[in-house]
Amino acid sequence: MPKAEIAKKTLLGVVPVDSPFYRFHPATRLMLLVFLSVTPLFVDLPEINLALIAVALFLLRWGKVQLGQIKRYLPLLFTVALFMFTVAYLAPGDRAMLTPFKLLGLTFYLEPIWWAFVSYCRLIAMLFGAILYFSTNRERDLLVALRTIRLPFAASYVLALSLRSAGMFMEDFATIREAQQARGLDLESMSIADKVKLYTMYAVPLFAVALRRADEISNALFARGYTLSARPATGGKRSDYLRKQYRLLARDWVAIAAMGLVFGAVVALRIGWGAFTDDASLLKALFRWGVGV
Amino acid sequence: MTVRWAVEVEDFSWRYQQAREFALRDVHLKIPEGSFTLVVGPNESGKTTLMLAIKGLIPHSLPGTLRGTVRVFGQPVEHTSAPVLAKRVGYVFGDPEAQFTALTVEEEILFGLENIGVPEEEIGERIRWASELTMVADLLDKPPYDISGGQKQRVAIASVLAMRPDILILDEPTSMIDPLGKDQVVQICAELKATGSMTIIVVEHNVEAFAHLADQVVLVYRGQVVRVAPPQEFFEDLAFVAQHEVSPPQVTTLFALLRERGLYNGALPLTDEEGIAAGWQLLAGEGR
Amino acid sequence: MATAPESAAVGVSVWEVEPGERRKPGIVHVVMMALFIGIGIVVGTLGSLAIPIGFVSLFWPGQAVQALGGIWFGAWGVIAGMFFPFISNALSGSAPIPVSAAYLPANFLQGFLAAAGFRWLKADPRLRTWRDWAVWVVIGVLLANFLGAFWGTYVLTWFGLITEAARPTALFGWFIGNSVPSLIFGSILLKYVSPMILRSKTFVKGWLA
Amino acid sequence: MALIEVEDLRFQYPDGTLALDGVSLTIERGEFVALIGQNGSGKTTLSKCICGLLRPTGGRVLVDGIDVAKRGVKRELVRRIGYVFQNPDHQLFNSEVYDEIGYGPKNLGLPERERDALIREAAAVAGVHESLFHEHPFFLPKGLRQRVAIAATLAMRPQAIVVDEPTTGQDLRQSLEVMDFLSELWRRQGHTIVIVTHEMPIVAAYAQRTIALCQGRVLIDGPTREVFTHADLLAQTYVKPPQATRLAQTWTALGVRPDVLTVEELVAELERVLAERRGVGTRRAGS
């Protein structure tokens, strides 16, 4: 029966069983998320953001993530693009100041369309940071990382508990849905209005279960000596066994330093020298040439 | 030799805040150190309330009206803090799912250890000890919600055992799990009893599985402790037991009925083994 | 409807602390906050995935969760409402972390306004009178969502995700798109779930307990 | 035609676990069946497939001739088979007991008068007193909530009901109450009853027929009395026959029947054997 596992389920997604990422400290991996999510804020130049996306894709491959998994983000990537370009088309701003061009018989304006493209590249680059993170980190890694950067135990504990409870509610949700079907609810032949009412039928049992669970869990916490301050019985500092299982190694420091340097350089170049604006974009030139303006 | 009492409940009454009636009335109960106690009685009779009082959840985190005292190793529970109580009394709840809060089995086990201030150097060793005893050592890396019901219950026990409490309370530990899981929980209890270092209290409907381990059986009925006796003696009066809505082991009922019919006059067996032997004696050994 | 005789005396507000009643924050509040973040993650994620328009929440029942959290669980609920969108946005891929961070003030307001409105004006979360309804609709839904949409669209233009010219339209769309599910989803929950919450230990009368 | 026909049923969960691996069986009208087996043996999956709550990945289930996986048959189906969940909290969502029980009939689009009659009848049968009709189900004790859940299922007048772990967490009296009540439905009203359970004494005392599953296949299926004589086979799915049966089986060499189910039966059996033996014994004593 046991088959060779290549992927492990987590509450938030799926991660590979074995990945070169795991050689890095969870805090380093969290830094990568921050780096990939924040750097695009300082970059307009779409080439660089596209390059960051390429880097994220490369890292996904390198990290042995099955690319099939990120398919679920595709509809979103598409609708976001559709939305942004439609907005740019319908509400371009003061038309007198803009450069019009024709395509497929419609009149577009260069600046808003181009700006939508620039923003889209930036947004997707940031999103890929999160996709990469949740595809290569388990919840436990997130906790260790947060504790390594000295988030108080109580806060990281609430986070762990809420992630765990999100998982439980997903399960409850599935059971509740079955329970409603068992009572003659035919989802397939329902109108939208009925589906809205459906929310109550899910929400009431969901909250009923949650209220009972709140009682049970708080009793369980008391039983195991947890107090609001999360300070141990002996007074003094709480030991942190989990965090001590991980050590920041030379390669972690190198990776963090590299990301820090690149980020610092980007910020300095952007603010000090006005670099990474879209003026320098070859794609923009290409685009202009393509639409003939 | 004087007996040291692990638990002394004196004149204890308790009413939950929104309830009209007292859940427990004038309860007296003493549990000797190192003993194994089986608590029986119908649902809503006050068994769990009594356990919550020993654990200190009453009155520490449940509102209500209290009379009398509960002492654990001589100390009134009311004046003992949660972390200190956690070291004294371990509590395993009936539904293992409901007490899990961590994302892996290992974190589940170490959570309590950090709460009671066990130093980091010792934590690893305690995790190993508790997980081996409960046969969950190979699950440490798994999420606690992604394992079977029996495994969940053993993880719950491990996470309490790791704190090495002086008293271990198991509140209906087998009610939610499959037959294999039940057997394993009973086996763990037997092993713990054999080490002799812990005072164990088990609340159960499944009397059949635990009766033979018990030093004393406590019957809670309508908010009162109505009987405390060693198991053999406890099940002697089957009419009394049945009247209080407790099901004795089938083997005990069997021989009690045979005795009523004048076919048997030995001691009432509590386990398969005792029953089988008594049966052979009865049928093959020329009756009396 | 709510014509059944209630044990609570007429005129006694659910927010009144009864004589002899001791209220202090406990573990159960922290646990409920965590569970509520969990519920928010589920509702928020499913809401975003159902109609994937990404960062713009055109049909996002999450605001209802924020408002209810504040009403039922006071500060605990407001905090929960501030942080669950971080996770649900990341999970559904609908907004990257910096955008989620920029939404924080709006997330705070969307929970806080309802919480404060119900407490200050002594409105009943079970929506028993027209006055309760008015407080809910005007403060909990319309005002909260207007401010939320105002700030949210500001964030979007700030990140260059929509054009300045599109902002009024986006604001209007966001406001309507969030108010409608809030009104439907939130009203139903207030009506049907509040009776359970009010009788539970987790209900918060003041801000912390 | 059998009420429930299961043909080569397979079910694979999205994570790849094969829960059912080719199950075939038929359940006739008016049977009282127990589904047993270790956790993960597939009993809950099977019972949910039978009620059309899970869509099988292979094979099919016919209830009264209707393929349960077909679209648009839900309403047809609930009038034939009802499912009671283990945790009533997952099922109850109305703020009054009366509406809760009436939810199913309302889904079926029945007129109010007819609905009211069904609700009152189902409540009476399930032991939910009319004085509870306006209570909030959430605040009732667990035993009562379970009854409300059963009443809600009964109100749709299904010919068969499937109950998942009816006695888990219940004490002696409550277990007997629930089981006696199901037994009554079966005996008096001719319902087909399927229970999913770990409690072998309950199976022995109530179920006419027992189906043991192991790793997604039928391990053994037959009259309960016969099934429990195969202790070695049942051990594969970690099920032990009730204590009375186990004891009897260790005394077969002494002339005790191996297929007793309850303590009462065993007492009678021992009396019989003893009486015989005493006859033999006196004779031997004389020699």
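Think of it as A, B, C and D in the order they're written, each chain with its own count starting at 1.
We adopt the following convention: a residue touches a chain if its C-beta (ideal position, glycine included) is under 8 Å from a C-beta of that chain, and two chains touch if they have at least 3 such contacts.
Note that the structure is a prediction, hence the values are computed from the model and not measured.
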Neighbouring chains common to subunit A and subunit C, by label: B, D
Chain hops separating subunit B from subunit A, counting only touching neighbours: 1
Chains linked by the largest number of contacting C-beta pairs: A-C
Cα-centroid distance, subunit B relative to subunit C, in whole angstrom: 43
Distance between chain centroids, defined by C-alpha means - subunit B, subunit D (Å): 29
Residues of subunit A engaged with two or more neighbouring chains: 9, 161, 163-164, 167-168, 200, 204, 208, 213, 217-218, 221-222, 226-227
Multi-chain contact sites of subunit C, meaning residues that touch two or more partners: 26-28, 192, 196, 199
Contacts with 2+ other chains: residues of subunit B: 61
Category of the chain touch graph - line, ring, star, complete, other: complete
Residues on subunit A engaged by subunit C in the complex (per definition of touch): 12-13, 33-34, 37-38, 41, 73, 75-77, 79-80, 83-84, 87-88, 90-94, 112, 115-116, 118-119, 122-123, 126-127, 129-131, 134, 154, 158-159, 161-170, 173, 196-197, 199-200, 203-204, 206-208, 210-211, 213-215, 217-218, 221-222, 226-228
Subunit A partner contacts - residues on subunit C that touch it in the complex: 25-28, 30-39, 41-42, 52-56, 61, 80, 84, 87, 90-94, 96-99, 159-166, 169-170, 184-185, 188-189, 192-193, 196-197, 200-202
Footprint of subunit B on subunit C - complex, ascending: 22, 26-28, 199
Subunit D-touching residues of subunit A, taken from the complex the two chains share: 3, 9, 172, 175-176, 178-179, 181-186, 188-189, 200-201, 204-205, 208-209, 212
Contact footprint of subunit A on subunit B as seen in their complex: 52, 55-57, 60-61, 81-87, 90-91, 93, 95, 97-104, 106-107, 110-120, 123-124, 143, 145-146, 159-160, 163
